[in-house]
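I have a structure I would like to understand better, so I am pasting it below and will then ask my questions one at a time.
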């Protein structure tokens, strides 16, 4: 029941997702005693144009 | 003002979305007395590669 | 793996939550063929002061 | 650290996103005293078929 | 149908929320042609202990 | 810019949050090459009554 959402700009490879999912799940199991099978992780990668920091889109110069 | 977000792996057909939207809206109207026209529903379907359970991506064997 | 988030203004009683959870889960099982035990539902009720429609907080006259 | 998520139906042009990001960031800086560089904005535009109001998908007649 | 979620650390006064809601709604109406009455805004303020940047909780020295 | 949201039932101690924030940030830095200072983490713990699995609230027998 931890539901972990990871939103980010750009892309992750399948291998990066695989490794992040594994490590984050291990962390939640070890530190918070959450049974592995209840840990849901969701990756949500979006183009730079859909993110802004400090009022500037990430693809702006 | 109930805003309902339904995130899931895989796809839903347009007909499945139509029926789920209708039933969930009815439930909120009947059980929680929310006027139908305030109920917003948002479907967010993502590929199996973007979800993990128990530390494994859904498309892993 | 459907993860359903229901955000709303005001409160729901425990009995309302119980009934909504049951009905929404049944809908997703019946219409989208999702096994019941994968359906996570999360209620997130917030005070009227934390919502606005049409630029007005819900607790404004 | 304000993280602002703007979910909507249909599309925004890059220029609309640019202007919205700028104005919303200015508002948060001016009204809430949040340093600009901590304001993250994320646009999440989805097709009409993925939204329902009052139990009807937005692309329904 | 723009649904805007503003998550932040610390608190906003009711007056700050009122003003932010008004300005953000105006921006979306003017820039994106969204009818005011469809713009939903939700504030979600959380204690510093529930946020981390760069791996440090916000209330850490 | 990874924005990581960790929603869960029950509570985490401050020390658990501190350690999870640190480990998840390290994972994203090492595996996805994200600069530490852009990684935002948000914990959102909610009472068992606000979660359901398989159509049952978590506090049900």
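As written, the chains take the letters A, B, C, D, E and F, and residue 1 is the first residue of each chain.
Note that in this section contacts are C-beta pairs under 8 Å (C-beta built on N, C-alpha and C of every residue); 3 or more make two chains touch, one makes a residue touch a chain.
Note that this is a predicted model, so its numbers are computed, not measured.
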| item | value |
| --- | --- |
| Pair from C-F, D-F or A-F with over half of its contact pairs in common with D-E | A-F |
| Pair with more cross-chain C-beta pairs in contact, given D-F and C-E | C-E |
| Centroid distance [mean C-alpha coordinates] between chain E and chain B, Å | 24 |
| Euclidean distance of C-alpha centroids - chain B vs chain D, Å | 20 |
| Shared interface positions of chain C, touching two or more other chains | 1, 3, 7, 40, 42, 51, 53 |
| Topology of the chain contact graph, where touching chains are joined (line, ring, star, complete, other) | other |
| Residues of chain C touching chain E in the complex | 7, 46, 49-57, 60 |
| Interfacial residue positions of chain A with respect to chain C in the complex | 1, 3, 40, 42 |
| Interfacial residue positions of chain C with respect to chain B in the complex | 1-9, 12, 16, 19-20, 23-24, 27-28, 31-32, 34, 51, 53, 58 |
| Interfacial residue positions of chain D with respect to chain A in the complex | 14, 17-18, 21-22, 25-26, 36-37, 39-45 |
